[in-house]
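One chain, chain A, links the two complexes that follow: it is found with chain B in the first and with chain C in the second.
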Partner chain A sequence: MGNYKVEVLIENKPKLRDPEGETIHKELLLKGGYNMVKEVRTGKMIRIVLEAENGLEAENLVRKLCDELRIYNPLVSSLRIKLVEAS
Partner chain B sequence: MKAAIIVFPGSNCELDTYHVLKNVIKDDVSLIWHTHAKSLDEFDYIILPGGFSYGDHLRAGVIAAYSPIMKEVKRQAKEGKLILGICNGFQILVEAKLLEGALLRNSSLRFICKWVNLKVENNNTPFTKRIKIPSIRLPIAHNEGRYYVDEDTLSYMNKRGRIIFRYCDDKGEVSEKSNPNGSIQNIAGVSNYEGNILGLMPHPERASEKILSPYKTDHGKLIFESMRWWLRNGNS
Partner chain C sequence: METLRLKLSLTDEEIRKLSEMLGREPNTLELLMVDAEWSEHCSYKSSKPLLKGFLTEGERVILGPGYDAGVLDLGNSYILTIHIESHNHPSAIDPYGGAATGIGGVVRDILSMGTRPIALLDVLRFGRIDKSNHSKWLFKNVIKGIADYGNCIGVPTIAGEIEFDECFERNCLVDVVCLGLGKRENLTLSLAQDEGDSIILVGGRTGRDGIKGASFASKTLADEEDRSVVQIPDPFTKKLLIEATLEAVATGRVKGLKDLGGGGLSCALSEVADKGNSGLIINLDKIPLREEDMNEIEIMLSESQERMLFVVEKGYEYEIGKIFEKYGLNFSVIGKVCKDGYLNLKNKERLVSRIPVKILANAPIIYRESKEPPLKEFENIEKPSLDLDWNKVLKRLLSNPSIASKAWVYEQYDHEVGVRTVIKPGFSDASVLRIPHGKFIAVKADGNSKHCNLDPYNGSAGILSEACRNVICVGAEPMAFVDHMQFGDPGNPEVFWYFSQAVKGMADYSKHLNIPCVGGKVSFYNEDEVTKKAIKPSPIACVIGLIEREEQIKRIEANYNDSIFLLGITKDEMGGSEYYEFIHNLVGGLCPKVNFEFDKTLFKALKEAIKKDLVKSLHDLSKGGLAIALAELCIFNNRGIKVNLDSLPRKTNRVDEILFSESHSRFLIIPRKGRIKELKNLFEEKGIPFVRIGKVYGEELDIFFQGRNLIKLGLDDLLKPYHESIPKIMGDLE
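Entry: the complex of A and B
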């Protein structure tokens, strides 16, 4: 068993408007002269440290707890899970 | 009638609701703390009040949706008990999957606190039976009120009369201009398919006495009176 650090990234699905991303894009980046920026989407990141047999098990456990306890709302959000550190 | 108001850490509209049910509607009301794991059989209806349960952490309503009492609320819901979720209570009902959809952050990214007009889309429900006017005035106060549901579910809900309230203007017109938060099809309140659960973002408990309304209205009372009427008379 070891400790694993897993990052969970929650984003609104593409068909849903993201007013915060739109504001950052239009009001900050475009006005600040970064005309090459085409789109900004915001999300939420949750970093979880947990004990598991290996990295794969750590990721699977995190996916399971996200699904079971509605860490994200599958109707409106997508989920990305990434193992970032093993110790 | 006996009412249960469920109180979560961070609820803040439970006493307003208590006051209206006790002193205006004159029902027998109990405040029930969310760790209560006993039966709610003795109550005629259940209210999930507004507020900021668990500080809106993670997502408004989601942590409260896993509170010990919610198992019993779900059991009561299945048995057909009337359940009303107001504001954060609506968010909790959605997160507990007792109602369809999701409540996202307002499209303005601002907390909105103002009086709105609501078109009553279906007045043949336990919550609207006594509303004899086409639209009512209630205040809203929320940051996450942008109702969303996928198109197929939305069209089914429309067909089944499950969209109960829509934001409208003074003349009762539902328009983009009268939509305060970007909700899909101006939706302000929905019920489940069986019709015994209603969730709405506006606050009827803040609009049940004329002295509290800038328009001298008490339209919020009509929702509570409808519930009481329904419990006495059923769908007749």
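Entry: the complex of A and C
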């Protein structure tokens, strides 16, 4: 058993709009002169430290808890889970 | 073709009729447009004949049902607009986005009359949050969706109503009412009349979201595949759209306005042409798209949010376009008004569809079969034992989420933005808003699914009566109402019977009391996708009242030694009561009946009493009956009450019925000091029962009846269950 740090990234599914990202893009970045910016997407990041047998189990556990406890709505958002640290 | 047909809501008979009317076979695009337009959601094909029973005209009514919103005359050239919408199915699968886009939709309806949205109300129905995690998840996210969206666009949520019942476990109801304020000269209708006027599409780009949404709402919630219909709310664009629209309307060059909601462009275009008895030529290649490879069907049926259709006087496109440009909104002249009565759709000069707008916008009426369910057997049930600790019962009822404080909900809303709110949610029976020229409006929405389940006629009439009583409680005179009828599958004869009875009950009441209906919605196919059971019938009424002078505004005020009177008669009417259903899990008994004639006399008398300033405070008796109303009086004022119910006007002697019956048309009244005699005379002359039952006294609620001290509870014992119930259930309080 060890401690693992896992990051969860929740964002709107790629085909769905992200009005917050669009607003930052249009109202802040383009108006601020950063014309090279082509797209902005926002999301929510959750960092979880948990105890698990190994990295894979840590990731699976995090996916399970996100699904079970409805931390995101699978119909609207996509979930990316990434192991960032093992100790 | 076969797979397409499976996806349609249209019946084979309707497809046959369509071909007959067209004199040819429709192409796929046309079939899908008609599918959306002829859905229950857009066409009211099952409900139209029944809805004609409502009173729709009145002294203050400028426009009744049939437009994007009802319009009322406030005097001094000001108008008030009101509309109700639901977003039940989208909220059941995506509570956050579904509820938010529900507000987005109703706000656009108000905007499309050329008026500024000034307030929102929401009427919500969920499963038992005290028992189900799924309902808790829906509840939490619907509230968050409403709060985030409403707060972002700067429109306060000023009132609402929430009920919890197992039947809403997987089919929650999310109704939103929006009020708008404007000048009469800026009133804009949703029609395209004059040849040559330009059709301009403004706001969000057209994308693939929500495609088939209108037909989706007209089917029961089904499989996973249907779930690509979620719509993404965009309050940032909405705020710009509100300001740009109002600025454009003020130029006087906008001749028609229509919001894009269910059925997308297809519905909006055919409806403006139908109302204006005109035709349209639309160039699909001029529509700003979010994704390049969208086909004609997707373009016409997309339900992308935050779009408005403008009919602009020929020659002023540039001037109006400048306004949209200033706000950074996308816009495009997509076509023009013609006179041929057809919706002509072109794609790069190629005609892809030409269909008469009258056919598209007017679905053939369906006359549904109706069959009365065996409700009589529910009337004679064995009444529960009277050997109970009434203190415990009252505490449990106060913690019932349908009765307990909803502060957890409305504290998430910004209810004061716009500085119009005079009485905030949770402090009175209705909310009060300031309007120009020193006047005020009161507004309240009500529903009671449990009553309607046992007796849809009286339950539905009772809802309108209760909403009227609630606005009277703050000193207003009921002016008009909007309704929303929510039921299961209308193809089920018993469901349709419920629907027709509920419409009839509310319509009869509206005619008898002379309170016009200025708009409404019908939502069918609300049923549980697992149990296949329809929701309990859920009509809703939202009443608007007018208060002419500030001094007439009433609050629930009680000071020490104030006398407390009860107005009205308490009867054995426990059917659908919170006491039977929440405490005993008992469905049955006699549903409360409204006496139309009594209400008429009563409302007149109350109007006079308020005008003459004979009344200090009024509180309506509703869910939980007399005991809950007394407890609320204690809770709102943080003072005790001592009452003796021996002389209570009643037609029952059972303790439970006296305490918890939900008989209609009863009020707790605190008369103005020194005016008691006058008030008594006023009611007595009109034969209205009105007796003193006690006074504001001490630090506890003390209820005596025939020598027994039925209830004796300290303020803390009342406050705790009432205030802590919902926060505890939601895990915000240990």
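List of remarks:
Heads up, the rule we're going with is that the second predicted complex is superposed on the first by the 87 of 87 C-alpha atoms of A that agree within 3 Å, B and C clash if a C-alpha of one lies under 4 Å from a C-alpha of the other, contacts with A are read in each partner's own complex, and residues count from 1 in each chain.
The criterion applied here is as follows: a residue touches a chain if its C-beta (ideal position, glycine included) is under 8 Å from a C-beta of that chain, and two chains touch if they have at least 3 such contacts.
These numbers were taken from a predicted model, which means no experiment stands behind them.
In the superposed pair of complexes, A:Leu75 makes contact with chain B and with chain C alike. Applying the stated contact rule after C-alpha superposition, one finds that A:Val84 touches neither chain B nor chain C. In the superposition on chain A, A:Leu56 makes contact with neither chain B nor chain C. Legend: residue contacts after superposition of the two complexes on their common chain; A:Leu16 is shown touching both chain B and chain C.
Of the two partner chains placed by the overlay, neither chain B nor chain C lies in contact with A:Leu28. Note: residues 12, 16-17, 19-20, 23, 70, 73, 75-76 of chain A belong to the chain B contact set and to the chain C contact set alike, using the contact criterion stated above. Residue ranges of chain B in contact with chain A, taken from their complex: 58-59, 62, 65-66, 95, 101-102, 104-109, 148-150, 182. Put simply, chain A touches chain B in their complex at residues 12, 16-17, 19-20, 23, 69-71, 73, 75-76. By the touch rule above, chain A contacts chain C in their complex via residues 12, 15-20, 22-23, 26-27, 70, 73, 75-76.
On the side of chain C, the complex with chain A involves touching residues 93-97, 137, 141, 207-209, 227, 230, 232-237, 290, 328.
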